[in-house]
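Next come the structures, one after another.
Look at the two complexes coming up: chain A is in both, with chain B in one and chain C in the other.
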Partner chain A sequence: MSEFDVIVVGAGPAGASAAIKLASAKVNVLLVDRADPPGSKNVSGGVLWGDSLTQVAPDWEKGPVERYVEAKGVSFLTKDSRISLDFRSKKFGEYKSGYTVLRTKFDAWLAKKAKDSGVMLVSGVTVDKIAMKDGKAVGVEQGGETITSDAVILAEGANSRIAYDSGLKRKPTDRNTALGVKEIIKLPEKTITERFGLTSPKMGFASEFVLGFLEGGVRAGGFLYTNKESLSIGAVISMAELRKNNKTYSFNVIEQFKEHPFVAPLLEGGRVEEYSAHLVPEGGISADSLNGNGYMIAGDAAGFTFSNGLVLQGMNYAIVSGIVAAESFLEKKEKGIQAGANFANYTENLSKTFVMKDMMNFKGIDKLTWSKYVHQTLPSIAEEAMLNMFSENGQPKKHLYKILTKSMSSHEESKLGMAMELLKMLRRM
Partner chain B sequence: MKIEERLSLLNYKIDKSYEHITVNPSICETCPDHFCTFACPAKCYSLIDGTLNFKYEDCVECGTCDLACSHGSVAWTNTKGGHGVKYKFG
Partner chain C sequence: MGLKIVVMIKQVPDSQEVVIDPVTFTLNRSAARNVINPADENAIEAALRIKDKLPDTHITVITMGPPFAETALLDAMARGVDDGLLVSDRAFAGADTYPTGLTLAATITKIGDVDMIFAGEESTDSSTGHVGPGVAEFLGIEQASYTSNSWIEDGYVYAERELEDGIETVKMKPPSLITVVTNANVPRNATLRMKIDAIRKGIKTWTLADIELKPEWVGLKGSPTVVKSMRTMNEKKREGKKFKAGEMDKFVDELVSKGILKL
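And then the complex of A and B:
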């Protein structure tokens, strides 16, 4: 007889969602997190597309969310220019939309939800390993002792120490790794609402950036999100490019972003309140198998993040994978579970959700999002085309098509080659 | 803003009895790239007169150095007992 039905490792969105779902079905759950309080080691850019959270925390929108995203932007930055798409819509309300969040606050709230729903929550305790017996996970090892359970849901996040040490996952390559570096910049609520042209103090702006101007050609994406009384700004740096460069300090990339002539004014008067860093899984599923005998892997630990340059998401995938892991346990339990049972049903159930469908449909998109085209060629063509289009030089006007082809021809690549790349890009996105 | 200044904003519960990351100086001595010094976002790795200097106290536990070091010098473990970085916002 195991001490717990399920041990969930990691109280982020994946782990907490799994735990709540299980506890509400009267399952005996231990949720363990190495941070004390839970959430105090968790970092993400900060937009929560939390529709799926409704299943486990129906009142999540009344929890510690910051601002509702009514304005979404994407920008290319070159040394001298900012080329942006800025989309604002009253209709966002009709769609499943996002809120900016600060993870230390939000995750602590969600962990408390878990506790209130009957989960045994233990924080400040570090699990060393999954306890294996005859090739089956039978619990977790902590400080030389084994705590037993019928199943383990591993939701430890991107820095998947337990999975590595338990032989469930290999360390990711540079291609599958990006480094996120972030700052919280304090500004008055009113200043944020006015500066970003928001319709009320409850409304927020979230924008992604391609940082096509970085020293030494380092490739990174940027993000800028509005919280109630602060901004979340950060850079997500390609590990492969940082290594190739081997001259740029990761912690200086975000400073280059902040100092950009058309970013700096947005931050003016702000005070840096916190600095943080976190790994970002790239390139999809990172574990050889998402399930095994007695265990399932969910959230960032499984590599469930999505980025196509326009959209950066992770928490929603974490939540859904956590819930599906819980459901897969319940499915097995109904049939009379044995400790260490194989949870192949987790992978099957997950493949019916957008989590796995997105992972499959957008497999290899990281090649595009980190490509030279996206980071250098495209921003510079766009810059030149915009300058030609939006300036007056006493000459007859040209058709947009002519302006574009002229901008393209100043590049070393052939026009046809570039057109093919663009087409490929659009299809992949 | 200098990295030292940014790090000074952070709260840590430092574990004086356990260094959760250790490096192997004999490997670092002959390392051709010292990529860790560029990759680590908390500047825990620095070269002082050509010798690699490592301090675990400023670590934000991202795990970058473990992946950055391709020479097998970094031994990375999780902090224990709630020690390490404590974010206010995250």
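And then the complex of A and C:
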């Protein structure tokens, strides 16, 4: 007989959600995290979209959240300009947006929730690998000892060392990995509310940026989120970009972003309180198989993140995949589970949720989001068009269509080619 | 019957994470995670090394503190300590080093038949170094402070103290108390197996009633220390002028003109 019903590796949103779900069904769960306190090595941009957490922690909105996103932006930055879409709506009450969160607080809160619901939580120890016997996962190995379980839920995050070492996942390629660098900048609550034009100190702003202006044409995305008393600002740079020429450094990218003439004023007077870096899964599902004999892979470890340039999401996918993994275990348990059973029902159950649907529908979107078209061509056309539209130079005014086509013709690509790209983009996004 | 060892530990905020509040100039401990006082980790390791040689040794780790100090005890147990005992009571709040020593001494008396007591040289959050030696005095036993190595031989406790001009080896008759310097050894890591076992075993908790001390002897009431005032030293603003290489003449002139250097 196994020592635990389930061992969950990694106390991030995926692992903690799975553990809570299992423990509340009286399942004997061990949740292991390498950091102490649990989750303190975890990093994310900082918006938890949706309300999937309600399923395992109904009171989470009163917990470790910072501000509710009432203002969502997308900006294209050129060297001298910022072209933004800035959407603010009172309807973000009935239409769920998300909360900004600080992961050190948030993850510790969720881990405690797991502990309180009966999970055995062990932190500060790194699992070496999954213990395999006759091709079945039968627990985890650490320090030469095996802790047995009927199932393992692997939620170890983007840098999935255990999955690699246990042969469950191929080493990441440049295409499915990006590097995120992030700073937390301290500012008074009142300053943030006023500076970002928010309706109350409980309300927040979240924006994604396309950083088309970077030195050497480096392609990177940026984000800026408001917390209660700090800003989360960061950049995500594709590995391919970093590898392409050895002159690109992630810290230069975030510095250039922070120093942009229309970003710098937003950070004015702030003090960097924290900085971090983390791998970001890109390009969809990265595990060869999401399930196998005795194991399931959830969250970042499976590659469950979403980015189409307009939104960056990950934690909501992690939470849902964790919950579905727990449910899939419970389903099997009801029928009398054997250690090392195959959890094909996990992939099946997951395919009924937005997690898998998004992964399938938006497969290959990374090619678009990292394209030169999105990073340089489109922003520079837009900049030129805006300048023509919004400036006044005593000349007769032109129609918008004329302005656009003129701006487009100053580029090497054909107008038709660009129109096709735009159409493709709209369809894919 | 094997040796009976008690290790006294304290849970402290991680000194690397304690920040000074820029407005009130007080220490903000809430941002810092709680860890075992570093020297106490070395004390635990020193005790475990004796158990390595004499496996039927029984080690109890004790701490006086709030309920959340449980994590420090579990951490020690996960490294190989047999039992964890938390001495916790509202009456202990506000204790200075005197009643803290008394409380721990009473706890050790209650445990009974202890051969050796280990403690860290001092804690990072108050740095007095009082408590270990204080406990030895309350118990009326021999002690060696600031030790870097210790062992048992022919029924005696030996301890090495690193002094300025050499190493002093002290021979004591048990029961005796040893305080261990920071970095005296490399504390071992806990494994997942041991962490699980520690959590399953759990700790014991004693209150004031268990150690049979009068309420007026412990906590704030039993503390002779009176804090008259406290001040924060302000950093002196310095000019911080920079000179480039090759500007030595200018540099010397500046020093002379300010009267710092006399020719």
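Operating definition for what follows: the second predicted complex is superposed on the first by the 428 of 429 C-alpha atoms of A that agree within 3 Å, B and C clash if a C-alpha of one lies under 4 Å from a C-alpha of the other, contacts with A are read in each partner's own complex, and residues count from 1 in each chain.
One rule holds for everything that comes next: a contact is a pair of C-beta atoms (placed from the backbone, for glycine too) under 8 Å apart; a residue touches a chain by one contact, two chains touch by 3 or more.
Small disclaimer: the values here were computed from a predicted structure and weren't measured.
Chemist: Just chain B (first), just chain C (second), both, or neither: which does A:Val69 touch?
Modeler: Neither partner.
Chemist: So, does A:Ile297 touch the first partner chain B, the second partner chain C, both, or neither?
Modeler: neither
Chemist: Now for A:Val140: first (chain B), second (chain C), both, or neither, which partner does it touch?
Modeler: A:Val140 sits against chain C, while chain B stays out of touch.
Chemist: When the two structures are overlaid on chain A, which partner does A:Ala23 contact: first (chain B), second (chain C), both, or neither?
Modeler: neither
Chemist: Report for A:Val122: first if it touches chain B alone, second if chain C alone, otherwise both or neither.
Modeler: second
Chemist: Looking at chain A, does chain B or chain C touch a larger number of its residues?
Modeler: B
Chemist: Can A:Leu102 be said to touch chain B (first), chain C (second), both, or neither?
Modeler: A:Leu102 contacts chain B only, not chain C.
Chemist: Where does A:Asp36 make contact in the superposed view: on chain B (first), on chain C (second), on both, or on neither?
Modeler: Both partners, chain B and chain C.
Chemist: Please report the chain A residues shared by its interface with chain B and its interface with chain C.
Modeler: Overlap of chain B and chain C footprints on chain A: residues 36, 40, 124-125.
Chemist: For chain A, which residues are in contact with chain B within the complex?
Modeler: It comes out as residues 34-36, 39-44, 102-105, 107, 123-126, 158-159, 161, 171-172, 174, 177, 179, 181, 183-184, 230, 239, 242-243, 245-252, 255, 272-279.
Chemist: In their shared complex, at which residues does chain A touch chain C?
Modeler: Chain A residues touching chain C: 30, 32, 36-37, 40, 120, 122, 124-125, 127, 140, 142-143, 145, 147.
Chemist: Enumerate the contact residues on chain C facing chain A in the complex.
Modeler: Per the stated touch rule, the residues are 33, 189-193, 195-196, 199.
Chemist: Provide the residue numbers of chain B that touch chain A in the complex, in ascending order.
Modeler: Spelled out, the residues of chain B in touch with chain A are 1, 3, 6-7, 9-10, 33, 35, 37-43, 60-64, 66-68, 76-82, 84-90.
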